[in-house]
Amino acid sequence: MAELENAGQHRYRRHVRISTTYIVMLSLAVGVLVLALSIGRFPISPAELMSLVSAKLFGGSANAPENADIVLFNIRGPRIVAAFIVGGALAAAGAAYQNLFRNPLVSPDILGVSSGAALGAVLGIFLGLPIIAIQGMAFVGGLTAVATIYLIGDRIRGHDPVLTLVLAGIVVGSLLGSGIALTKYLADPYNQLPAITYWLLGSFASISKSDLAVAMPIMLASLLPLVLLRWRINLLALPDDDARALGLNVGRLRLVVIVAATLMTAAAVSICGIIGWVGLVVPHAVRLLVGAEFSRLLPLAVLVGGTFMVAVDTIGRSVAQIEIPPGVLTAAIGTPVFIWLMAATFRRQT
Amino acid sequence: MVRCIYTLFAFFVVSTSSLAQTTLFIDDAGRSVMLPGKIDRIYAAGPPASVLIMAIAPEKLLGWTRGIRPNEAAFMPSKLAQLPELGRLTGRGNTANVEIVLKAKPDIIIDIGSVNANFASLADRVTQETKIPYVLLDGRLDTLPQQIEKLARVLGESKRARPLLDYVNASFTELKSRIAVIPGANRPEVFYARGPSGLTTGLTGSINVEMLEFLGARNVASAPGAPGVGNLAQVGFEQVVLWNPPTIITNDPVFYREVWTRAEWQPIRAVRNKRVFLSPNLPFGWFDFPPGANRLIGLKWLANILYPDTFKYDLGKEVAIVYGLLYQQAPTPEQIAKLLAEPGVMPK
Amino acid sequence: MTQARPLGPLTALSAQALAIGYPRRILAADITFAVHHGDALAVLGPNGSGKTTLFRTLLGLLPSRAGCVTLGSQSLSNMLPPDIARQIAYVPQSTAGFFNFSVLEVVEMARAPHLAWFASPGPHDRDVAMRALTTLNLAAFAGRDFAELSGGERQLVMIARALASEAKILLLDEPASNLDFGNRLMVFDALLRLKHDGMTIIFTTHDPSHAFHLCNGANDRTMTISRAGEVTIGSTATVLTKPALAALYGVDERAVPDYAG
């Protein structure tokens, strides 16, 4: 009897910890978003911010300096939205892939989507194409890379289909990497090469409303399958035979997850370049907090990933005249936080 | 008597050295270079060196680091345009492909650009491996007269370089003296937009915005010493709106096309007043790259744009003169007209 | 030596002239047997003889090379995987490397064949899972991290998971091979109880004593598969004689202990 009581207490404590995490993260997200709206190189005071927002919602003129409305609604606003969605998408894709590959050390890039997108964009810059073409080539490049890797993995049906995918991803990814290196070598060192370097560093600086109008629907649409299948995705963590014995069509579910994760990652990379770390570490951190169960993990990963990215981008675009690449900040800020989280979790477990 | 012997001895040494036909030259990196008596084959280690050698001793140029494209070839004699593409000498990470040099068999290697210890040691290494003398000259814009003079001396072409040197000296003097009297408050602010998104810029003090500083303009991106890719840095839209530059210069045609339609750029003064300018780049760029003597015409072009009340150069005439001096071929009136008629070159 | 049982409404699982193996390699052929509800069937054989292949074929994970398998009254080849999963549950050998799922979450995974594509387990599914855990005295572990459990406890959770699918046939692949003595007793005790409650138990083992322990009823059977692919099915005592075991595992007859005593 006492055993059952103990168990009940254990479950209750776990339940409380999970709910608390949700509430804390939700409030943090709201706080960060509001803060992000009020911070930037262009000074907008909280009063001016309120005035601008109410003027937008209810009409009338705002009590704010000239150009403040363009800055808020055409520059800062879209950028914050983009950062949130990209952060959330990368975290979601990372969480799904970690489940699919049964490995917490997996990031959304494992199937080459970032390398493919990078090659596409780098070629676009090399050929002097307009911005929308560069983004389009990045998107197509990402999809093509993953499709190629998936087909290779599918043809070479080894004992372990997951391992085959990973190996194909590594090999094709390095081939794409050498393509990028070759293009950099051939590029005009004065003009194209810096542009390529900056694109590869990743940045939200050049996000515009029109970029968002195309990328956001794609990312949301590709998030939908993951949301609908969130409980079934748990089963991918089982060995293939186990999952199939439970009646699951493993190959088909795996394909759906790969397609969804690839679409959202390719869309993200095409508008902001390569930003690493979030897709790898955020799902891991959230898993430490609330466990691996995917229907619980997914929404929280999206929330944490999006909030973290907005926070990082806000810092990167405000502390100096020049921008600090988000890839640098995600690692710099995230690493100590993650180490603290690991320590706290392992202390709890022992 | 002893004095007599010493004098005889010194005379003997001097005359033998001139018989051996080498001269000692101290280049801009402080390196002592033994120049050969006769220089007929010159390897230019980069575009700035190529441009200047083309101007002073074109028949001795062995080739280009990057081949001449057809639209660039239209502005120079075909013999020059068809010179082979030899490839870069210094690659990324300070590697020098000495095979390229050995294949070309030059009498001397000329490099105009940065003269810091890194490049100096690279030059030393190349000389060590190939036994070919390597001269490094400072490529900064305001040392252009010195570059011409020194290079002419090294190549023994001081007479041929005279017209170019005179023109450069005269232009520099005119530009500097007339700008010096313009009060600080009237110095124009400029934003240099790079890359297709226009959000990369050159920080104050970097080689990319030398021309702005030469002309006394204020680069809005004045964060000196800030980290960036070779003193380039990325900025966000908000920062550009905050600066609200009255003039924007770019050499990216993609950016120039898109700046008029992208919503984020519309609040900027330069866009509203149609003061966004696209630097011509045939046969070589007029602003920023390559960072060589080709920028000479760019100075006059930019002076017209930045100080319309002070400078009213007849660009058609100036282009004809400068191109003739630098590229050994006076452009036809049609070529000049086409160059100046490109969108973004002339103020509206 | 085959003793065919008459097929009837009580038949849970049967095979007729079944050949198992891979496209280029048949491991064993002409396997015919019938298992009724509440029976137990033990499968013994040296490594590589095809025990796991047999299981995978019976679960529908591997196509049969000849013959057919019947589940209840339906032919296996006509059934969809979720239908198969509702009738026959698989308890795998190794239980390594889960992420930090809770025990309850692991057991709930077995509800998959009962749930629609986009559905998540509801209160009813949770009840079924908890009941499965309670049956095996594991209710106290429900909220614990699966990875923190001992080997024996994890194996029991796997059995609970199989129960949660509400299948009536359990297929266990070497259910006690990596366990210590105490855990082994725990597992086989649980299996005996389940068998008395009417579950059909089919399992592989390397230990003849397990077969004697679990398959000692009049209707229980033991099957051996030799390395050459010979299949023998019969009552445990008749099949697992000393000479038979010696031949099966390639050991001296005198070294084989006396199990039947």
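Note that the chains are named A, B and C in the order they appear, and that numbering of residues resets to 1 at the start of each chain.
One rule holds for everything that comes next: a contact is a pair of C-beta atoms (placed from the backbone, for glycine too) under 8 Å apart; a residue touches a chain by one contact, two chains touch by 3 or more.
Owing to the predicted nature of the structure, the values given are computational and were not obtained by experimental measurement.
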**Study point:** Chain contact topology (line, ring, star, complete or other)
**Key:** line
Practice item. Report the most central chain, judged by the distance from each chain's C-alpha mean to the global C-alpha mean. Key: A
Review point. In whole angstrom, how far does the Cα centroid of chain A sit from the Cα centroid of chain B?
Key: 43
Check your understanding: Distance from the CA centroid of chain B to that of chain C, rounded to the nearest Å?
Key -> 81
Exercise for review: Any chance you could list the residues of chain B touching two or more other chains?
Suggested key: none
**Study point:** Residue numbers on chain A that touch chain B, as the complex places them
**Key:** 40-42, 66-67, 70-71, 74-76, 79, 125, 128-131, 134, 185, 188, 190-191, 194-195, 197-198, 203, 205-206, 208-210, 317, 320-323, 325
Practice item. Using the touch definition up top, name the residues of chain B that touch chain A in the complex. Key: 66, 92, 194-197, 199-200, 203, 221, 223, 226-230, 232-239, 241-242, 244, 251-254, 257-258, 262-264, 266-267, 288-291
**Study point:** Of all residues in chain C, those that touch chain A in their complex
**Key:** 56, 59, 61, 80-86, 89-90, 92, 97-102, 105, 109-110, 112-113, 115, 117-121, 139-144, 148, 165
Exercise for review: Please name which positions on chain A make contact with chain C in the complex.
Suggested key: 3-4, 6-7, 10-11, 14, 99, 102, 104, 228-232, 234-235, 237-239, 241-242, 244-249, 287, 291-293, 295, 349
